[in-house]
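You will see chain A twice below: alongside chain B first, and alongside chain C after that.
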Partner chain A sequence: MTYSTPIREGYRQELDAIREAGLFKQERSIHSPQSAGIRVEFPEGAPERDVINFCANNYLGLSSHPDVIAAAHAGLDARGYGMSSVRFICGTQDIHHQLERKLTEFLGTEDTLLFPSCMDANAGVFEAVLDAEDVMIADRLVHASIVDGMRLAPAVRDTYKHSDMKHLERKLQEHQDKRRRLIITDGVFSMDGDLAKLDEIVALARQYDAMVFVDDSHASGFIGRTGRGTHEHCGVFGEIDIITTTLGKGLGGASGGCVSGRAEIVEMCRQKARPYLFSNTVAPMIVAGTLKVLDLIFTDTSRRDKLEWNTEYWRQGLIDLGFDIKQGDSPIVPVMLYNAKLAQDVSRDLYDEGVYAIGFFFPVVPKAAARIRTQLSAAHDKEHLDKGLAAFAKVGAKHGILGLGKQEIVDRFGT
Partner chain B sequence: MDELKTTILEYVIDEYVEEDDDIEVDFETELISGGLVDSFSMVSLKRFLENKYKIQIPDADASPEAFDSVNSIAALVERFRNA
Partner chain C sequence: MLDTRTIELALPGGMTLGDLDIDALDPDTMRAVLHAIFGCCDVARADAEALRETLETNGWTVRQGLTWVACAERGDVTERVSAPSRCEAVARLREYALLHEAEGCP
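So, the complex of A and B:
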């Protein structure tokens, strides 16, 4: 027997421990396309409910846009369902190259290489372009996929305090003996919703002869005046050496990602990045759909403008109600609750009020920093936001947290 | 030993405590299980110890348990200084 009773029991005990720690994750079945309003079955077997979605990465509201769906259909008809190959054997179509050229123009870089996901891009890029003589210096709050990618690379690893430029400068000074220095950051940090100080980071990179890497997954398509990303917002468009981003959030929400940046670096990824070399090509219909997404947003900023308006309205609405929120310029708006159980209770009560927003707590965020992470979309209309705020008001009042600051919430609920 | 602990404590505070962190760190504070230091950021502490005390700490010995407090880190350093 290959899967003996003790092996099964061992796994069951591990799963029980995850449950007992309150960390067991359960999927919720959605019975509708992704949108501002979705139909959800939760828990399994419960009656379906119509709820307003405040936790999708559907920032531009393009996940179910009719033009994108039509383009994906046309791509399916014209180029087929799958390629049954990795890119470099027989998995590259003309439309893959078209999309790479278009992303290069959109992101303001020299070249782009598609990956099956941004997780794969981050898993492959560091190992492909750095070796043991080099150093990677990362912000401490970068996404888990970057941490995993850095672990796979032979270069020296170091970190700096979140967005602390003095600490970063000290690290750059410490590592002047290395051959290449790579500063690594998210553009928009996914849990706090704050933006990297890319103008200051680029200035430090120039001063200390370093390269800059930005994962702009939570920014591409909507941050910056024309939605090009955090580098546009910070006035350093065209100056980032490596950008990774996803097609799975603002840019249509299907799947796929890319490494975009200096031509030689992208070529190194084409030659050496293992998730590119050993994983299937992005499906033709997703490529066709993403090409349409870029068509829609290249010269028309109305969607990112609406998202910006929604974000400001939502932030101010929560502040006016007396919630403690993280300040920032992105459509990620964390409502701070500090206590893990309180975050779970508030999330459950919001669901009962028709609002789908998830609680996050340790180890996804630091201890004593539990929160409800809300995310805005251009698909939200003012009516959605007003209903959402009414639900937050009711649930906040039920738990007695309106108007309370961090210390008062911690005093009442603990951490 | 006290001087060793004080040096490590000063480094930990300088390297890991953020400006808006509302915490006090002492010799007993749980650094990793308490969430102040994650295993990924631990590498700079290991490198600091190796450079400062001219020792090599094998990865197998640089466990989260061994790095979980200034006291346990100081004991680890002492072990390798005397090896």
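So, the complex of A and C:
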């Protein structure tokens, strides 16, 4: 027997430790398509409940859009279910190239390469384009997949304090002896919903001869006047050397990701990025669905405009109720509670009130920064938002936290 | 228990030891120095040579040397760096560990 009792026991003990630390993740089954309103079974076996969803990355509300579904159906009929191959053997269809060209145009870059996911894009890109004489200088709050990608790359790893341009400049000066410098940042940071200062980052990159990498997963499709991303918002469209993004959030929400940027860099990924070389790419129906998503948003900004309106209304509503929220320009609106147990209790009570919003606490977010992360969608109507605000008002009053600032919450509940 | 053995070494070129040098002889440094001394004795020399030759036959260029290793562990995350000096190893370790300030949201 290979899976012996001590091995099984060892895993069980590790799982028990995760449970005891309060870090055990439990999936909640959704019995409906992804949307502003969903039908949830939680805990397993409990009666299903209709709740308003404030925790999906369905920013543009396209996950279940009828035109996207129809396009995916048509793609399934025209190009089949799967490719049964990696891209460079026999896994590339005309529509994969079509989507790559369209993403290139949308993101304002020179070329694009699809990956099975953005996690894979981030895992593969640094190793493919950097060597031991190069340095990666990353914002300290970049996404976990970037941290993993950096671990796989042979270049020197360094970090700068979150969005601290003075610190970044010092690091760039320090690393002038390296052959290539790559500044690495998220466009929108998923914990706090704040935006990278890409205009300042690009200026520093010019001054110190560095390249710029942006993961725009929480921005593509809706940040910026025409939704092209954080680079559009910051006035540096066309000036980012490497952009990675996901098809699994605003751009339809299915799955897939890409590396987009300077032609040579994308070509290096095509030749060397291991998740691209050794894993199947995006399935034909998802390619067809994403092409439709881009059609829908290329010239029509109504969805991102609605999302912007919803975000503003939601932020102001929570502020008026007396919640302590993180300021920002993105549809990620964290409601700060600081205490992990309070975040869990508030999330549970919101669920009882028909609102699905998740609590995050250490180690997912820094110590003493527990929060409920709410995320807006263009699929939300004003009625959803008003119901959501009413639920927050009721639960906030129950816990006595309305009108309290950080110190008062910490004094009352601890960290 | 092994017999205690003493090694006496002359300091190079008329060097004298100051207070700062004595302070530098903390247990970590001493352990590393001893590892280096034993490493240089290279007990498994023949084996190591054979392995190196095999690698070179397979097209690898092999370089070996003594280096500082610094390692940080928290939960199931481990960061490990090697560098020529202890200072550099710990400084780089700190930078790598800072990437894990929080696990982050999906």
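Convention: the second predicted complex is superposed on the first by the 415 of 415 C-alpha atoms of A that agree within 3 Å, B and C clash if a C-alpha of one lies under 4 Å from a C-alpha of the other, contacts with A are read in each partner's own complex, and residues count from 1 in each chain.
Everything that follows uses one rule, which is that contacts are C-beta pairs under 8 Å (C-beta built on N, C-alpha and C of every residue); 3 or more make two chains touch, one makes a residue touch a chain.
These numbers were taken from a predicted model, which means no experiment stands behind them.
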- Task: Evaluate whether chain B and chain C can sit on chain A together after superposition, giving fit or clash.
- Result: clash
- Query: Looking at the overlay, does A:F362 come into contact with chain B only (first), chain C only (second), both, or neither?
  - Reply: both
- Using the superposition on chain A described above, determine whether A:T159 touches chain B (first), chain C (second), both, or neither. both
- After superposition on the shared chain, which partner residues are touched by A:H143: those of chain B (first), chain C (second), both, or neither? second
- Item | Residue contacts with chain A in the superposition, chain B compared against chain C | C
- Query: Where on chain A do the contacts from chain B and from chain C line up?
  - Reply: 140, 147, 150, 157-159, 362-363, 366
- Message: For a test of understanding, state which residues of chain A touch chain B in their complex under the given definition.
- Response: 140, 147, 150-151, 157-159, 161-162, 164, 362-363, 366-367
- Where on chain C is chain A touching in the complex? 75, 92, 95-96, 98-106
- Query: How about chain B: which of its residues touch chain A in the complex?
  - Reply: 16, 18-19, 34-35, 38, 40-41, 43-44, 47
- Mind pulling up the chain A residues that touch chain C in the complex? 138, 140-144, 147, 150, 156-159, 190-191, 360, 362-366, 369, 373
